Amino acid sequence: MAPILEVDNLSMVFGGLRAVDSLSMKINEGEIVALIGPNGAGKTTFFNCVTGVYVPTEGDVYIQAPGATERRSIKGLKPHKITEGGLARTFQNIRLFSNMSVLENVMIGHHHRLNSEVFGAVFRDKKTREEEEKVVHDSYEILKKIGLENHVNDLAKNLPYGAQRRLEIARAIGTDPFLLLLDEPAAGMNPQETKDLVDLILRIRDNEKISVLLIEHDMSLVMNLSERIYVVDYGKLIATGTPQEIKTNKEVIKAYLGEEVDA
Amino acid sequence: MKLDFFFQLLMSGLTRGSIYALIALGYTMVYGIVKLINFAHGEIYMIGAFTALIVSGVLSMYGMNPVFIFLIAITAAIIYSAAYGVTLEKIAYAPLRKAPRLSALISAIGMSMFLQNYVLLAQTSDFLPFPELLPEFGFLDPVKFIISTNQFLILVTTTVVMVLLTFFIKFSRTGKAMRATSQDRDMAQLVGININKVISITFVIGSALAAIGGVLISSHIGQINFYIGFIAGIKAFVAAVLGGIGSIPGAVLGSFVLGITESFGTGYISSDYEDAFAFVILIVILIFKPSGLLGRKVSEKV
Amino acid sequence: MFNLKELRKSFLTSLWFMFLTFPIMVIKVNTITDTVEWRWRNLAFVGVSAFILSFVWRWALDRRAKGGKAKKDGIGFKATVLAKTNQYKLPGLIGIGLLVAILPFFASMYTTSVLTTALMYVILGLGLNVVVGLGGLLHLGYAAFYAVGAYTYALLHYHFGISFWVALPLGALFSAVLGLLIGFPVLRLRGDYLAIVTLAFGEITRLVLENWNDFSFGPSGIANIARPGIAGIKMKLPQATIFIYFIAIAMVILTIFLVNRLENSRVGRAWEAMREDEIASQAMGIDLTKTKLLAFSIGAVWAGFVGVLFAAKTTFINPASFTVWESIVVLCVVVIGGMGSIPGVVVGALVFTLLPELLRSVSEYRMLVFGITLVIMMIFRPGGLIQKTRKSYKFKKEGDGE
């Protein structure tokens, strides 16, 4: 089976800094893959390049939706086009629509799959009404799965921290992706919340059939959850393999220990 | 004769540029440190000019030597503008440091409205003649048709002020703290820089420079009213953006580019659109080079 | 609160403000007669007010600092208020409707005309609210669109004798097109830069109108613009005034209806998401270019409408009516009323236009007061007079039973 995401020698240069340095990656349908590395290794930048926030300096990014017959390049596309293509993401420093309700946040996720425009908004024709009802319903269903159904009308900014992280995931699922990119989803969560998160991610993969690529510093989460791991340091790929292989990889140990000595 | 005209325009362009530079520095320094367009900065400049006018008006009743009067008036203008600048920051901006940028900008617009109308109501809406205090400099006689005493004074003062400012920012402790704060405020705070103090000093310096500009240009043009700050402020802001907002040499360069463009534009193209040149330049710059002539390009970190 | 330390603080503040306002408030130089007027009473006035206000100020800041925490768990409060107001909504609306309908038959022509102006600001405010309140795009050139509407009618009427009713959609159309034209180049700009560039666009528009004599008749403007009529009937001034009032009412109702519908739709959600976070909204599949341009041009439509109405009402227009300050006044309406809140904007517009009329004796203080009000609002009540209440959704939970 063809990979659903294929990144080919991707580089991103800021001034003189190669934040990502010819990184390649393949993700297959149904996988949970982790991207790890010390602080400042270029993980978030990699996400930004894949999702169109930055246009990569070199390299290419291809996607092939499950069931599609051909892969296509998404390099240089606007972020919303990439989202339409089936990638969705969360942000490391939570970027919710703070003054909108929890439900509306998820409804925004559905935006690109809806058709009503100014005409529909003004006349509220039957099609628009049905569409709106469906969005509300679907969004609520997503919130139920994520466990936020008791907060539908709360403003996003009033949610507790952990719930905000989960709302980011709910919002991303709203876009109906085949691959979900999570940037440090467990950051700031307590052990119980982290445990729930692991279950949640597994459910997303198993029930929603969404593959997952996640950046995470919490090693026990990474080792428990992911089937394959990519390790980057200074923008370069230094190792890749199963959790078992990574645990014993010398390069990886050096990168992490080196960092600890520095810190 | 044609060449004379060219030089006249050049000189008037440089003069304008100098004044814009004195005001633009305030915008750029404040923007560098608090990331706010101090919309009321033009009003600070206007208040400087009014203070000078009032002080010189009172002093000339007592028949003091005009040059003395001028010096006292400009000092008073500097002190008062600085005081207004700091007070403005404390009232309208400091409580909004953590608020969205839009809030701070609206607050600034409010302050601009308030100060304009404050002067209008406490003084007058009419144009007031600004006293001529300085004698003509004899040594300028041979080139009188190109450069006037006031213009000469403006150019010299601006140059001196720029040099002093550069030294201050480069070498003084406070100057270094200012640069550090503008690079990375959180980091600056971590290394023990008193941010509030730095912000206050920035407002003091910016306002003082604006006051100098206000007094000089008013005595050059010969009249002022409550509205002079608004237009001058907008144009100086354009100059700051043109040069790359946050960059001090950029503000100076932008100001001269703008001053000279305006001067030649009105001289050779049309004087009807005098005020439009600045706006057109602004739009063109922001579309094609949003970071300005000398500004750093920053892509938002996500 | 009133301990020695606080008193000392207020005393020093008072001294500081006396110093600060001394030259401008106290001294007035008459350059013609060469006399100086010393207005010491002003100094006393400043001293006393600063002393008192400094207490109020610190108290208010203090309260704000504490309020920030209390608000987080005060969600329940809003819901009850909402429920209560809903109960009075319908009778209230009917009452207001009746009052509005019969008012011009009792009020003087002047009052009717002032009310019409107020209504025009309601529409302008609601239009700008789409751009600023929903879209989060700080627009300081709104008066340009207003001007386009007014000049569309004035010029078409002057040259071709086009009637008000034909000009109305045309004015809105041209205005929307200008909205798109301005929207395109500023797409990439954010926040402060956007504000200043829209301001520049507005000023350029005004300068062109002022200087392109062949086209716009320059500063002397265009006079003798026809008031609206129906089926060619010429009305006398009193009737026409009342007629325009009702046109304005109809437009306000239509605008409220439309803005409300837009707000609660896919389009409105996209605007709000864009306001909250441009990057996140793009990542959630929103086409920023389209959403921004739409906000600009839809917002412009209303300015165009009001422009046409304005030209018809005053029968004379010139560029002086379309300065930056006009744009800023409309912005004040939106901000003070409540960004994003329709009742807020309506109230904001009424307060803004009617209050100065009621307080005629102090109307020269209008801009002064509005200026400081903007500052105070931003600090203490950034949501405006009537804050937006979000639509809330109800769902049946499993186990609740049907």
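Chains: A, B and C, in written order; residue numbering restarts at 1 for each.
Going forward, a residue touches a chain if its C-beta (ideal position, glycine included) is under 8 Å from a C-beta of that chain, and two chains touch if they have at least 3 such contacts.
Quantities reported herein were computed from a predicted structural model and do not represent experimental measurements.
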| item | value |
| --- | --- |
| Pairwise touch network: line, ring, star, complete, or other | complete |
| Pair exhibiting more inter-chain C-beta contacts, A-B or B-C | B-C |
| Geometric centre distance via CA averages, subunit C-subunit A, whole Å | 41 |
| Separation of subunit A from subunit B, taking each centre as the mean of its C-alpha atoms, in whole Å | 48 |
| Chain centre separation (subunit B, subunit C; CA means) in Å | 30 |
| Multi-chain contact sites of subunit B, meaning residues that touch two or more partners | 302 |
| Multi-partner residues of subunit A (at least 2 other chains) | 53, 91 |
| Residues of subunit C touching at least two other chains | 279 |
| Of subunit C, residues touching subunit A in the complex | 72, 75, 258, 261-262, 265-270, 272-273, 276-277, 279-288, 294, 298, 390-393, 395, 397 |
| Interfacial residue positions of subunit A with respect to subunit C in the complex | 51-53, 78-80, 83-84, 88-89, 91, 95-101, 103-104, 107-109, 111-114, 116-118, 120-122, 124, 128, 131-132, 136, 140, 149, 152-155, 158, 171-172, 174-175 |
| Complex contacts: residues of subunit B adjacent to subunit A | 299, 302 |
| Interface residues, subunit B side, partner subunit C - complex | 36-37, 47, 50-51, 53-55, 57-58, 61, 76, 80, 83-84, 87, 91-92, 95-96, 99-107, 109-119, 121-123, 128-129, 131, 234, 237-238, 241, 270, 272-273, 275-276, 278-280, 282-283, 286-287, 290, 300, 302 |
| Subunit A - residues contacting subunit B, complex | 14, 44, 48, 53-54, 91 |
